[in-house]
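Okay, structure first, notes after.
Chains here go by letter, A, B, C and D, matching the order in which they are written, and residues are numbered from 1 within each.
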């Protein structure tokens, strides 16, 4: 789950990290009054920042500096309700529903600091760079030596000496080094306490008087850990999420929309990916990834069909079930029952394998619904691709 | 630093451990009104408990059960200002300055739970016993099998499965087991967060409905860690501490009063103990342990003399300094200067060894003060013991 | 021969009285697995299926029955603690089936297991099977056949698919291991490759990877360094888009890293027989090994 | 021969610019100790006494100078972190002089050092000296003499006393170690006994214990098991009252345990030559070893 900048900053502020004053606004009027407060408090300029989950907002015009409350209101009016296109969104962009009005900072130096998981080492890693404000992957490509790292070992977490070491390796000294090291410690505690998968401050600003301020911040939270963070779950903003993926998640289905024409319904994530690959190898294009999981009850299969068929371009469906503990005959019954409640007007290729596959296939054959039955995964993919191209009867 | 029961319970309550309602009272009237509140809230009985650091209060009459607010006030009146003698105090007892008025609990079962340091393993250990209310050392002697333990390993602390394991090994089941395991986890976090050297709940009570309540609680805090716990330092009650030891501590001296007649002033704790032992081997009795530490400045030596001479029975003084980095000539000068400000009317035996010992001895010989100079530790002890027995001139 | 488990393995099941735990324990027992104990706090003293003693704690189970392998079906909020309990009790192998454990819990768990010398397989995995001897997991036993191919995979049903193909072409398996689909796992492809290399009976390894992480690349580097057995490899997710989690928490192309193409390239360069299609696994293995 | 440090040891001093650190670094250098680097965050790039390079971090010091032993003078609130930094930087031996470190910090530090294979000596100790070769600590070098007795002690000045007696009776020392007066320490009496047993030059060990803890009892158990060298032992605090901390945080008779009498009995039964008086250490050593 992704958090917005303003949410992430509130979490950091709670943990003692300095962040600029700011106000969330959903209307130009709110933006004006938020900006006015900041100007009254002495800000020379305020930033108007689109609150979207995608990165690269600056490049897409999602961050503007205003010199008056009126100007801030104008920027906010232009952003709110617009579709913001950034290097990390598709060409259609994402809708801006909230802006954050924030006091400008006195920037002497900009750093990058983040914690994320190092999968190879199996532990979190702090990644820092003296090139703040830039995308870290860009820095990794153009100037990898500018990036320094320290691992948070199991049981030990980030130790103070590691944070200090990072600060010195970034070329800092004195108060700025101590401030950055302290911020890294706080960020690592936040990462841990919030079950984050990413905690990023970019840029982390050194001010003219060697203060340290988080000018942008981003937390991604581990979905598996949300059960123990109701306070974070309440921060979820689903406006940028794919509606079908959300609907699938509500039914404990794992669904990802793709661009192709062959709708897939598979049990197991690996087999679902493998099925997509096989469709591709057969010359077709999968319309989605869809894992119905281990249970595959009638209700679940029906939901899966419903979501699958909402994919606009689906012109054939491939059901690929490898029965393990799940019995194929039960799945077959589920499919038939599901089809009584969901209108499916495209060819359906079914491949059942594993436990009670034969019985399952017989059930399908004996039903009113017309299925194209396949034996192997390869055959199933070929038939589905052909069906999607309108050659089902060929 | 030791905390009182009511202070320890407040710390536990803050961390989610259930404790009975209670009120501190320093007068009988306060005790009455505190008790009245508890009776009003539905208590059938209230306990009046002397707030002293020494354990074994119950055996000394420091815990009384009252059935009315008047009775509670009577008990409080009797306790407050009295000297409470328990198995853990000397025969002179300790003054009771505060009592704690507490709601009675519905006791079905009493357990013992504590965390302390296992020095052999170098990590904290949870010690628990089904024989609550009893002194754990008594249980260790009479029924060692009743005691169960789990270690809190470096980096890992107490894991939930260990707390669960302890609860089952205490013979608990169901809700009581879960409640006790949860309490152990909270106690272990408190131990860690508060830098405790001891965190004890005795008894930890299982109530009739399988609830879990801490009926008595005790924290000892690591003095070395107090610098990071100003909130705990503020809880210090020095009324039970030895005034001379406190005075010594203020001057960074380590002092322990003993029963003998030979006052000792030594640099280094090990040598100070060794000096005491040597005095004892020579047939005398040390009046104190006193480590003047590494610095041994004039001010410090003077303070040491002042404190030393407050020991009532001191009839000779033994100064034993092994100069290492500290130079004996400087110490000698410090002793002489100190004696200008402190009246010492008993014989002083001085043994200087190590760096510049010869020069130091010469300085002493050249002074107005009459010192008995010794070369070896053995000789010094012999001479001091003789001096203390009035045979200095013999 | 085999790796990790065999007919001598003595299994304790943590969470044996839960619905999943009970069902799969029964399945494992029917397969012939020697399930010697179960653990459910609060149910100590009862029997599972009138035969398997249940204990409150793993240490009791280990002490009473000599269990050396734990199969874990404990729900996600308690699973990390359960694995640590198994490690602390001294089982040599903990197989954690549970899906949905928070990643940072697993960071701790893997560190804890490593410090204690307990091998963890999983979490979020189908388990381990040595056909004909011992099934410790949720895979359908009947598709497997005793033989000479080792199988390593991050997924469940795709493994069954691969195993089924092997069995159909007449190639049995020494041991099949589902290492799990999470970002942090106890045992990697590389670890399994090492063990298979030491197993006399294993003549080839089928390795099924998927997008995300760098486990396949690390395995490739290991294979490139004179790995003694032929490796047949497939990487799932060639058609997966970046930034999308493909079911498994660990199956995600993040920051442009962890693509199927990269992994396939690394394996190919390391000398593995990489197939483009999951349908070709069995045929390729037969081609490499011969009938 | 010697244990822990010798003329090849390359010392880095953490906290070299503090008043204690600077003073004792100078003393050690005057003794002939090879101090190759200092560490004070923020002072990297400067020189100590115009000769010893100062670094911001231990890892830099180790990489630049090959330091393998760290002497630590960092104040208590930062000392635990400093020891961990030394361990993480890969020094084989960390000697922590600092007194007053919170006990729970030391629990973590010792665990961390053990996990990394770094030996910690101390804290709250005078350090280690191999006479004539290397002094890493605050002991007065001049009382020591090269020779054949190993010395282990929990205290500072009492060790100097014992060493002085040895030197006066003509017995030099191989290595003298102050293990420290805290409840949790990195290296125990027993650890040192083990190392002395492997040292060719050491012909006897003087072991000075004190009240509190059970380190002396554990040493006694180890000695009882055919320890190859004669051990001369003294336990300080025979006259100490229970429940009172005798200066050292670790020197306290708690719950009736850790008395001098118990420790002396255990050592005597183990075959050690236990003296009642600290004055007899030198004479007893001479009696045992011969001139």
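FYI, contacts are C-beta pairs under 8 Å (C-beta built on N, C-alpha and C of every residue); 3 or more make two chains touch, one makes a residue touch a chain.
Quantities reported herein were computed from a predicted structural model and do not represent experimental measurements.
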Legend entry - Common touching chains of chain D and chain A: B
Legend entry - Inter-centroid spacing, chain D versus chain B (mean Cα positions, whole Å): 28
Inset, instruction - Find the geometric centre of each of chain B and chain C from their Cα atoms only, then give the gap between the two centres in Å, rounded to an integer. - result: 54
Inset, instruction - Give me the residues of chain A that touch two or more other chains. - result: 154-156
Legend entry - Multi-partner residues of chain C (at least 2 other chains): 112, 115
Inset, instruction - With chains as vertices and touches as edges, which is it: line, ring, star, complete or other? - result: other
Legend entry - Residues of chain D that touch chain B when the two form their complex: 23-24, 27, 76-77, 100-108, 110-112, 114-115, 126, 138-140, 142-143, 153-161, 164, 181, 183-185, 208, 210-215, 218, 234, 236-241, 244-251, 255-256, 260, 276-279
Inset, instruction - Enumerate the contact residues on chain A facing chain D in the complex. - result: 156, 159-162, 164-165, 168, 173-174, 177
Legend entry - Residues on chain A engaged by chain B in the complex (per definition of touch): 154-156
Inset, instruction - Could you pull out which chain C residues touch chain B in their complex? - result: 41-42, 44, 56-59, 78, 81-82, 84-85, 88, 112
Inset, instruction - State the interface residues of chain A toward chain C in the complex, per the touch definition above. - result: 117, 119-120, 122-124, 137, 153-155, 192, 195, 197, 222-225, 227-228, 254, 256, 258, 266-281, 285-286, 289, 291, 294, 322-325, 353-355, 376-378, 381
